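One chain, chain A, links the two complexes that follow: it is found with chain B in the first and with chain C in the second.
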Partner chain A sequence: MRWGLLVISPLLLTTILLSGSLFIFLSSSFHEDLGLGLLKEEYSLYNFRQILVYPSYLESFFLTLRLSLYVCIFTLIITWPLSYILSRLPPKLSMLFVGLILASTFISLPIKALGLIILFGTDSFALDVLRSLGLVDQDFRFVGSLFGVGVGYTHLAIGLMVMMMFSVMQAIPKSLEDAARIHGASWGRTIWRVIVPLSLPGTISASLMLFNLLTGAFVSATLLGGGKILTLPVLIQQSIILFNEYGIAAALAAVLLVTVFALNLLSVFAASRLTPTTKVIA
Partner chain B sequence: MTAESPQTNRSLRRRTPLSGAAFWRRLRGAVGWIWLVIVLLFIYAPILVIASASVDPGEYIMNRAFLQFPPKGFTLHWYFNISPSMWLTITNSLVLAACVSAASVVFGVPAALGIMRGSFAGRNVVSSLFRFPLQIPFIVVGVAFLQGSYVVAAATGINLTSSLGALFLAHLLVGIPYVIGATGSTLAQLSPRYDEAALTLGATRWRAFRRVTFPLILPGIFGGALFAFLVSFTDVTIALFLTPQGYETFPVRVFNSIQNDLESSLPAAATIVFFISAVAILLLQRIAGMEAVLRSSGSKSDK
Partner chain C sequence: MVFQDYALFPHLTISENIGFGLKEHRYARAAIDSRVAELLELIKLPHIGKRLPVEISGGQQQRVAFARAIAHTPQILLMDEPLGALDLKLREAMQLELRELQRALGITTVYVTHDQSEAMYLSDRIAVINNGQIEQVGTGREIYDRPTSRFVAEFVGQINVIPADLVGEDGDYSVVKCENATLRAVKPRKQLQGEAYVAVRPHTIDIVQRDTQAAAKNSLDGRILSQVFNGNVLHVQVETASAIISVEARPSADPLPDGAPVTLQWKPSDTLVLD
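Moving on to the complex of A and B:
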């Protein structure tokens, strides 16, 4: 029987939906934006030139990258040890906790943002703690601050990163650690010489995936940024909803897409480059 | 355990209950648990705050609800005063997510079977094409479908954004890869010998599939379906561009409400919706098993 034939109808659907939306949208980035939802007929690179000329667009691009990078590093610091701990718990316990963390990733993002807004409200307890620790100024507002958006991003990032890192850590056999300990390696040395190198390829590709995802994060940046933290996704939405500039929005989206694809390629490359080394070590 | 035995022996010889290595081991254990608890508290803080705000009597300032933490009292008032239009958004979300989930199965399962069982040129290309939608940031998907539906409306007169049609198609595009991923990974673990055995014993192809393969991959299908359900149910980034007035999904309502007039029954509704998601996740774990969930969530692209 021809199993392969089964692919045809889903493939057609996916291709039509992808090309029908993405292609139409991206092609509008090559038509000059006349404002008010109008585009010029001729093809031009006008929109992309606008992005390069106006510093605000470039600033937004680098802000997106910087914010994603910081959150990525912070999340890695939190989740790397956590995933290791989870992977070495008894199976039932680790499944329970991983399940809890997974469940948290399915709380809709605006709901999470609302919770954070209430938690860090103007006269809230949490903000008082931050103030008394001297971490923020007296007139600090959570909504509209880079810190607020960062906290929102971290909430989105931790759950997903634990999912990815847990599988990486679980794939490292406990017997390798035991072997190192029997041969007299200290606990710290075992971590440094066994766990770190073996988890490195997985860690790198997971971090790249996370970084990728954060560059496209939109909800936290909008709700917690309060219109002041203009990352690329926020700019895309604003150019459409507020200014009706489809050409510019499409060009910005193209920039975002290219960045994301480049990072994806990099992560595939990193994964394929680094896997053989781990096999040698193992 | 074997790794610890040298230290254990030494501590026994010294007859000190908590010397050197044993002390550090316990300290490491304690630090590990504290780390875990702090992270769990951190990621559950928002929903805990919302649940507490949902039972807070609360105050109004200039018609806008003033939500606070910690709460100043206890009432179930807000749960009984969720507006009908808010309930409608929850129903919209549920119906949409159920349709997306069902349609994703209809298209995703054959695709997974075709990719895993079939042998045709360009199989890898096809399977990466199916995964492609997950790599596109949701905001780009949303904007692209908005413009795509304008073009469709101009060409055929069918306005997809006047109903949830465009949103359904957009969610379907990202739902299918989850079903393919979950079903495919169950199929990959399934030995073809079961099928061969059934065929040798005289079953027809169709009967072998229906009675042997299908029941065995059912958990994977369920896992993928629930994943597609949850992605559609919680999405706001795509929905924001594609929901017409009167057809808002719940996350979009929350999004708009935060930006405009914070409704005071919002925390109560959000808590109820959280419990709906929690039930779905519990089902997911029970039916598909944690391993399958982790495998399919590896590709979870979001927001």
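Moving on to the complex of A and C:
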């Protein structure tokens, strides 16, 4: 039991680092920027008013949410069946594939993004092929387009999502499927009546985690957006690095934080209403 | 089919579980409801329909799994070690219940079990399977009294197996030799020659005083190695020239001491020859 005391110091350290920096940063959202990184002494809601007044801020805000949502949905469509199939493979084979996916998620984000830039850069072979096949317009640019950022997001999302969904799917016993099949359910009906409801709570929480991650995704958006796709994290970074406006940056971060938090609460609430048996499976 | 782990759908209520197959077979809603109610009545759990599987006990889950399996009135029911996860007392109670239900419903049932007494208790016919191969099919009585292989003999109940040589025939019996004794045994169904095993159940052997003659019986001389008193039986290990023989004797008022020289006797009709 005494050993339990040992966790107190890392716990304290984490709490101080996390909440301390968060508090200091977010508190500057209530101070007007004076330029050159200086803030006014007195408290005001000036920064938040700016966000509401200038359409570019709101546009960026909704772009972030929309992009995250679309990528989240698209990733889910790909990874849900993929994870299900992986979980039903022979253990050695599934461990091999999951291991490969795990390894790919360890690759750092800038490298992933730069890889995509090289692959789909302005004069890249892949883009030439796509152009000559008529799949994209002649003046299509991958880097700096919303599509490019979306692909970058999806690239980082799929690995994480497969890992989360794999454990969700693996927790559903195979015997339940056998039972459904034996009692007359077709393959499709088995998926619909057994796998979907049993994986729903896990799917919801995995999707939420991914969505939260994507709203804060910054590296892919910066590198693949080429400064043209201004999601909130990019905007916050620009406000700080380029303009030294800590106040507005903090206000944007606060808005993002509160919105994402509220969306999460809402989804969890909605999910618990939808699936009264969530607690049973969890 | 009834699964070893029951495989009840955790997200569906007991009624929905039992009605699962009926819904897949497109029964009308009213028909499903009445059939489910009937089945809940049958398994003597009429009030649990609205509960979830986690909210009922293991024995109840077992019964629900059974009800779900028979809901659509299958022609053949497969039960894969259905009582394996239950504790001994509950298992015995469920055996009784399953036997009654099965007899009442008259559904041909294939019942997989490792428990030989469960197999004897529930079945009309038993197939003993070794490494995926059927070793013998027969009634419990046949399997126990006339096993056709060493595996079956040793798997079902206790049996002594003594290495021996098959040397000939004597009327209705086979004659075998082991070390310095000649024994008679029931003729095997299979044609056997030369090296074989003689098998005899512990409870068919009598322990008598050395040199008691009984011409019609098989006899082996030996020495008592150990004795364990177990209430209604005395488990005696007797060392003979060919093997250590287990005997289930009736406890007597004046027990023999360990090491006492004795003679074992049993009927040729209780003796088997196995390969």
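By our rule, the second predicted complex is superposed on the first by the 252 of 282 C-alpha atoms of A that agree within 3 Å, B and C clash if a C-alpha of one lies under 4 Å from a C-alpha of the other, contacts with A are read in each partner's own complex, and residues count from 1 in each chain.
Here, a contact is a pair of C-beta atoms (placed from the backbone, for glycine too) under 8 Å apart; a residue touches a chain by one contact, two chains touch by 3 or more.
Quick caveat: nothing in here was measured; it's all calculated off a predicted structure.
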Combined model on chain A: chain C and chain B, fit or clash: fit
First (chain B), second (chain C), both or neither touched by A:R189: second
Which of chain B and chain C A:I248 touches, first, second, both or neither: neither
Chain A residues touched - chain C or chain B, whichever exceeds: B
Arrangement angle, chain B at one end, chain C at the other, chain A at the vertex (C-alpha, nearest 10°): 70
First, second, both or neither for A:D178, with chain B first and chain C second: both
Partner chain in contact with A:P197 - chain B first, chain C second, else both or neither: second
Touched partner set for A:S21, first chain B, second chain C, both or neither: first
Which of chain B and chain C A:L63 touches, first, second, both or neither: neither
Touched partner set for A:S167, first chain B, second chain C, both or neither: first
Overlay on shared chain A, then closest C-alpha pair between chain B and chain C (Å): 10
Overlapping contact positions on chain A, where the chain C interface meets the chain B interface: 178, 180, 182
Residues of chain A defined as touching chain B within the complex: 1-11, 13-15, 17-18, 20-22, 24-26, 28, 78-79, 81-82, 85-86, 95, 97-119, 121, 123-126, 155-156, 158-160, 163-164, 166-167, 177-178, 180-182, 187, 212-213, 215-220, 222-223, 233, 236-237, 240, 246, 249-250, 253, 256-257, 260-261, 264
Residues on chain C engaged by chain A in the complex (per definition of touch): 1, 3, 5, 7-11, 20-21, 24-25, 52, 54, 68, 71-72
Chain B to chain A touching residues, read off their complex: 2-4, 24-25, 28, 32, 35-36, 39-40, 42-50, 53, 67-70, 107-108, 110-111, 113-115, 117-120, 123, 126, 129-130, 132-133, 135-141, 143-148, 151-152, 169-170, 172-173, 176, 180, 205, 230, 233-237, 240-241, 250-251, 254-255, 258-259, 266-267, 270, 273-274, 277-278, 280-281, 285, 290, 293-295, 297-298, 300-303
Chain C partner contacts - residues on chain A that touch it in the complex: 173, 175-176, 178-180, 182-186, 189, 193-194, 197-198, 275, 277, 280-281
